[in-house]
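Two complexes are shown next, each including chain A; its partner changes from chain B in the first to chain C in the second.
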Partner chain A sequence: MSIDLSQFHQSFFEESSERLQEMETALLALDPAAPDEELINTIFRSAHSIKGAAGTFGFTDIGEFTHLLETLLEEVREASRTIDDDAVSTLLESVDCLKVLLDAERDGTDKDHEQIDTLAQALRELIEGEGAGGDPAPVTDEGAAPAEPAAPDEACFEVRFAPHTQLLITGNEPIRLIRELGRNATATAQVHPATIPAFASLDPVECHLAWTIRVQGDVTEEAIREVFEWVEDECDLEVENLTAAAPTDANDTKDETDSAAAPTPASEAAPAETPVESAPETAVAEPSATPVSDPAPAPDKAPVAEKAAKPAAPTDAKKAAPKAPASASAPSKPKETSIRVGIEKIDDIINIVGELVITQSMLSEVGEDFDMSRIENLKSGLVQLQRNTRDLQEAAMRIRMLPIGFAFQRFPRMVRDLAKKLGKQIRLELSGEQTELDKTVMEQIGDPLVHIVRNAVDHAIELPDERTASGKNPEGTIHLSASHQGGNILIQISDDGRGLDTEKILGKAIERGLVDPSEASELDESAIFRLIFAPGFSTAEAVSDLSGRGVGMDVVRRNIKELGGSVDVHSELGKGTKITISLPLTLAILDGQLVRVGDQIYVVPLVSIVESLQIAADNYNRIGRNGEVYNIRNEYIQIVRLHDAFGIPTSSDDIMGKLMVVVEDNSGKAGIVVDDLLAQQQVVIKSLETNFQKVLGLAGATILGDGTVALIIDVEGLIRLSKTTPHKTPRAASTEEPAAEGGAE
Partner chain B sequence: MAKILAVDDSVSIRQMVEFTLKSAGHEVVLATDGTEALDVAKTRSVDLVLTDVNMPQMDGITLIRELRGLATYKFTPMLMLTTESSPEKKQQGKAAGATGWIVKPFNPDQLVATIARVIG
Partner chain C sequence: MTPPVSPEDRLDNRTDAGQQFLTFHLREEEYGVDILCVQEIKGWDQVTQIPNMPEYVKGVINLRGAIIPLIDLRLRFGLEEVEYGPTTVVIVLKVESDGRERTFGIVVDAVSDVYDVTDDQLNPPPDLGSAINVNYVSGLAAVEEKMLILLDAERLVTDEALTRSVDPSEATV
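Right after this comes the complex of A and B.
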């Protein structure tokens, strides 16, 4: 039977990545001083599982490498070795190395043998260093070393097989064993009802028979003994070579118990720790397949043979490292991405689709011979259709939703490594890992998060001495949390480090020309904090190799903006900093407030709207020549006239009594003057950039129920835009411009 | 043609075992660990149990011991899928009542051949 194993490779890669992640998580949680047994077990099982599957699917490099890991972990598990921080580091590096190996196998790219060998060597040293001798020589197994000389075509053996009485209760059957002997040879069995007890005392589950079997054909003693391998302790077995020209094989009458299990000191057998262990064991090979002089047990195990040659010189592993022949120059394949979806999510969709079908048949029945009397049926059918569609949409979106834990999972490792490098003590706390968000959003939030966490480790958390001196716990804490808030997901990164120094920030901002010195005194605390997101601002006193990579917080904010999210920072000097990122759950759909301006309809993202009100003359103020502000409960906010911003003709310049939508953004609040407030609804975002170009003040477009196109307002962009196109009085209300052009400057 | 209960916590191995055994004409029931396998085995009868050793919840050796304790599985062949080459693991398995073992890594042909040894 030929089965193409490559069809299982994708599963193997996915599964192994998950295992590696489990390993990493467990390793990071492991306290070397008091190792938790369950954690060790998890780590061991992961390595073990990867090894088993890697070997089966022919990834010998991975199998070999994980064998070392497994050997080491086995000792830890058996408590015959202690584990220290350095060993954990080596294990973590090994996890990294395996990830690289897996990627290389998947993409068919070259592997970094140097790194593998270095690490393999480090693992061997760990294993030999302490647990030397504790590891049973795994390589040498009976099948691996066919010490038997070439058998003549026609060999003849006499097998005397006397099962112990308990043989049957392990599910073994003498008749099957005898049948197996006859599979590739002629076997003639003769039964000896030697010790059958009296009927009264006969226990039917006991075996009281013995056999003499004559095996003739192309067989070896090796192959015969292998048939009895599983029952070697439950029977008396003698194999006698009756072949006339029997070669000198002294084992003939030796008792099976030691000959079968004894390690064979064959020349290719490697030192104790070598990773070939199970591969050559031919417990399951056809007896006839047992090779005569080749160390490889079966022809389809060619990679194993290669491998068997390698451990002969474990200290000089580099030169012997075998290379998978196919991987040498194969072009990198595009990565297949897939997500795992819980079955209940699929079931939901199937359910809803079922309901949709019912609704559809109901509607088509209404439509069959329609008259006005059935209008109520039509209406209720449409309501149902609407509900089904919304449910289906939500259920379909949920498929793309993944727990944010996937984005968080890299941090424990990163924080540990960075903290170690910097000599800091940092504890990372995670919460809300189960919070789900769209896969695309998650992929894109990864880098900004890394940057923020790195900043926290690098700049915010002080060195232990400094912390102790200021009366803090020498161990700093960084807390990463996620939660849902309305249609958004909130991610908070808080630390108990030194906090942001407003004076320092202000000083630097003035120095960099980001703030006019004369305005400096007017900035409140939160405005100053927001300066760290300004382009060209960096608080790092020296560019470190951790954070100072030319990517500042401005890029972080830009990335978050592009996802339709916002970022905010709160800090208290000496106490810590908290950065809050708010992201939409998905990029495809937005809750919007429809507003009318002139004959145009715009969509304002509901999340940015604080309130809507009618403009009252009392609260209206004019500042300078062009500025207009509105006083809401003693807070002055800028007024943005959409007519002006987008060049829409309006009948009257007077805004008194009109409606104003108050929106809030990172840069503050603003009031958008509109002609009318329409419905609130979910809109599907269509990108403008794909078909046109980026337009300041607009986040995209959508298609409304009646087929018209409505533009979606980008609040922050609009505020910026309105600053450059202030309202001029008296207004030169003449030029009729298309809406989009007003922003295309 | 036999009904085989295959137990492994590794998805890829499960897929491979299932595919191989089905190709060889067997009926396959899958379980992801010992606990699940035990539940499955109690609710239906199988002709052969093929189990991984290292699994969360309940390992393969415990599973074999539990199954052997059940009247319906007294003589059912049970094979361990193991990467452990150390004789101790095999002995532990034997002591628990395992019929035999298949050493990982194995290829589909080996799997089918080994299974042929203990059924029929």
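Right after this comes the complex of A and C.
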């Protein structure tokens, strides 16, 4: 009977994450001095939606916590409370806390109740503290009384609940509401089936029942009304306080006029469960969607005081429901990854597929009755097919593309918190948030960006005094921008801080043994700047809590390299620093150089290739028994024999005159000896791990035009591999035992 | 539910009707794999070798856009190597292990037949010593006077060489 709600949990989590993101963004934009009403409404709506959904799905912790948040926000909204910076901070912390709660629910892990309680307490203090005090607006009257947490012992209410016929259609389920009433109290329900029409005229999706529910226990009228808050417009509801004490209410907000089904208290008929059985299973829908469908409001009647008592009066419900505009969005850390795609992208694909079908039928027509006279038709059909395929490929790729704004959206909050902590004034500017890049790339660029921005806040921007002293605006600026350039995306992080001090960097590098003192004078400025990416380097004079532990920029650079990108620094002492990250748009396609070794074809990523040359005996040198190096313009690079590293049979062991592809990676340059250089082309990267495993020296595989598989070389892995499989002289005969003697790493 | 025929838990979840097995030859013996794992059967074609792999990993092929590895079952079981002939086929298996689906191919001498094997025809695998790794055998079955060696496709794929990154120095084991 009961409907499995867990299938909706995933979308609840995703939606809630989005709502929290909205709240955070709005909170950050909120200026306590002149609060923008629209922003406060946005925050309130988000909180309200989360609360409603959490209640439906039974996440009580989230529901209760959000309720507090909402109460506070309601007061702000009613202008009965001014909001200050501290309140914003508390609200932001609450957003964090909700995130933790959501994650905990999603992963089924334990929640940190201590933190929740502390924050909940802080919120309560805020609510109770100055809330009622400072403002002339009528905040409390007896209507608000039940909202006080003071628990009435054994209260007793009689709830008369007569849903309108369309209740089920809007996705609400009376039985769940009734069950909800019984959660913290004893609820006895009686059903009034009196209005059920004759069977012939019965529409199974209409609700013709009414209930009288007696609720006894630790409940408040407010709590009861809250249960019905999503259906308030679609039913006649009366709540009567039967507790001996003075009935608090003049409460029935609703016009009781149309209550054809108005129930009489304590009357005849069957228990609640049975008739509900006949309710169609269609009754579950997204709870937040329900109030939208009923546009007939009569909210004006509700007095203001009444609204204060019920944070979620019908008006609010209606405002909460229309979804925040189609901001396609990705939750920050989705466990079960899904992606929201703009409808126009889908339409694109469908259009292209339509064209593809047309092309296909045209081609099959040509093929059906083919003679040489139709060769032109065939050719043009193939050209069209090629174009369709390319379009389809591009359109499909675009599905994975998301605006980089999603990676940027965490920074306003981060910069604000850090700046506050450090006593700095920092303004964060964002631009180019609409620039799209591959979702995977974006996920992986997040952490490096955080690191760079944190560095900028921590080290680059000076304290206000210091800035004023050097004639700058006391407020520092960090600018984050993104743009497309060719097949790459450029992300720039610039600040107007103190800039990089070349001498300090050099001094530190020498001290750390990264640079030989004798060479120091030869390094030019950009070479010195690049030193900050060296492992174990940190310029922070004092190791702070934030950054400066010396495990920073090298990790940043490595991550970016792994994505096939590069990073560069420009800086001017006293004026600021600009870090430029260049990333490929997608990880799925790679520009590759095809090379032949023996009878195998490999793909070398074009981005790693420095040059290709023919090996000349003059520049060839041996080191010891196994080492081979090649002299290129007075630089000695290691020679990697692909035959040896990959155990491929080769015709001749003599590499003189053969071709060598010079590649560069983190670990330096190396020359890969190959038999032949073939075409350069874009290849689609296929994982070897899907059905197989990771292989050292290979980045994946691809399928060539003739359908065969070619392996893509992972340059860094290959260089490592070649160190364990030195060239053997004389060559060990067996190719089946490629690396038998190679040492383990 | 009939009580399991053997203590071997691989046999427990068989239905009364038994299972169907696709059988194939390796040397003189007839082996079988659960037909539900079999995705397709195709002829032997050119493969792309993967460097530094055990000998029995023949390489990878393109199966309609997916890259799948091929294992020579003869070599895997330590049988003598033979030239691939016209009957040599690749049986493409799809199994789920550790929550992910994997597709791979096994190279065998020839496919034979499809048999229904009922529970009472099944016997637990004996200790076969070192000749063939008994880990891969889920049971033996006597069908039409023949003995079938039933292989556990899932265990074939959880083979260490297909799941772990192999250190080059150990690749020739």
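As a working rule, the second predicted complex is superposed on the first by the 385 of 745 C-alpha atoms of A that agree within 3 Å, B and C clash if a C-alpha of one lies under 4 Å from a C-alpha of the other, contacts with A are read in each partner's own complex, and residues count from 1 in each chain.
Basically, a residue touches a chain if its C-beta (ideal position, glycine included) is under 8 Å from a C-beta of that chain, and two chains touch if they have at least 3 such contacts.
Keep in mind that what you see is a predicted model, and the values were worked out from it rather than measured.
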Have a look at where A:703 lands relative to chain B and chain C in the superposition and call it first, second, both or neither.
second
If we overlay the two complexes on their shared chain A, which of chain B and chain C does A:695 touch? Say first, second, both or neither.
second
Under the stated touch criterion, which partner chain does A:646 make contact with: chain B (first), chain C (second), both, or neither?
second
Decide which partner touches more residues of chain A, taking chain B and chain C as the two options.
B
Mind working out whether A:205 is in touch with chain B, chain C, both or neither, as first, second, both or neither?
first
Scan A:606 for contacts with chain B and chain C and give back first, second, both or neither.
neither
In the overlay, answer first, second, both or neither for which of chain B and chain C A:687 touches.
second
Using the superposition on chain A described above, determine whether A:11 touches chain B (first), chain C (second), both, or neither.
first
Overlap of the chain B and chain C footprints on chain A, listed as residue numbers:
none
Chain A residues touching chain C - in the complex, by the definition given at the top:
600, 645-648, 686-688, 690-698, 701, 703, 707-711, 721, 724-725, 736-740, 742-745
Residues of chain A touching chain B in their complex?
1, 3, 5, 7-9, 11-12, 14-15, 42, 44-45, 48-49, 51-58, 63, 70, 136, 138, 141, 168-173, 176, 180, 205, 227, 229-230, 233-234, 261, 277-279, 281, 283-286, 298, 300-301
Contact set on chain C toward chain A in their complex
46-53, 55, 59-62, 65-69, 102-104, 161-172
Can you list the chain B residues touching chain A in their complex?
9-13, 15-16, 19-20, 23-24, 52, 54-56, 68, 74-78, 81-88, 91, 94, 97-114, 117-118, 120
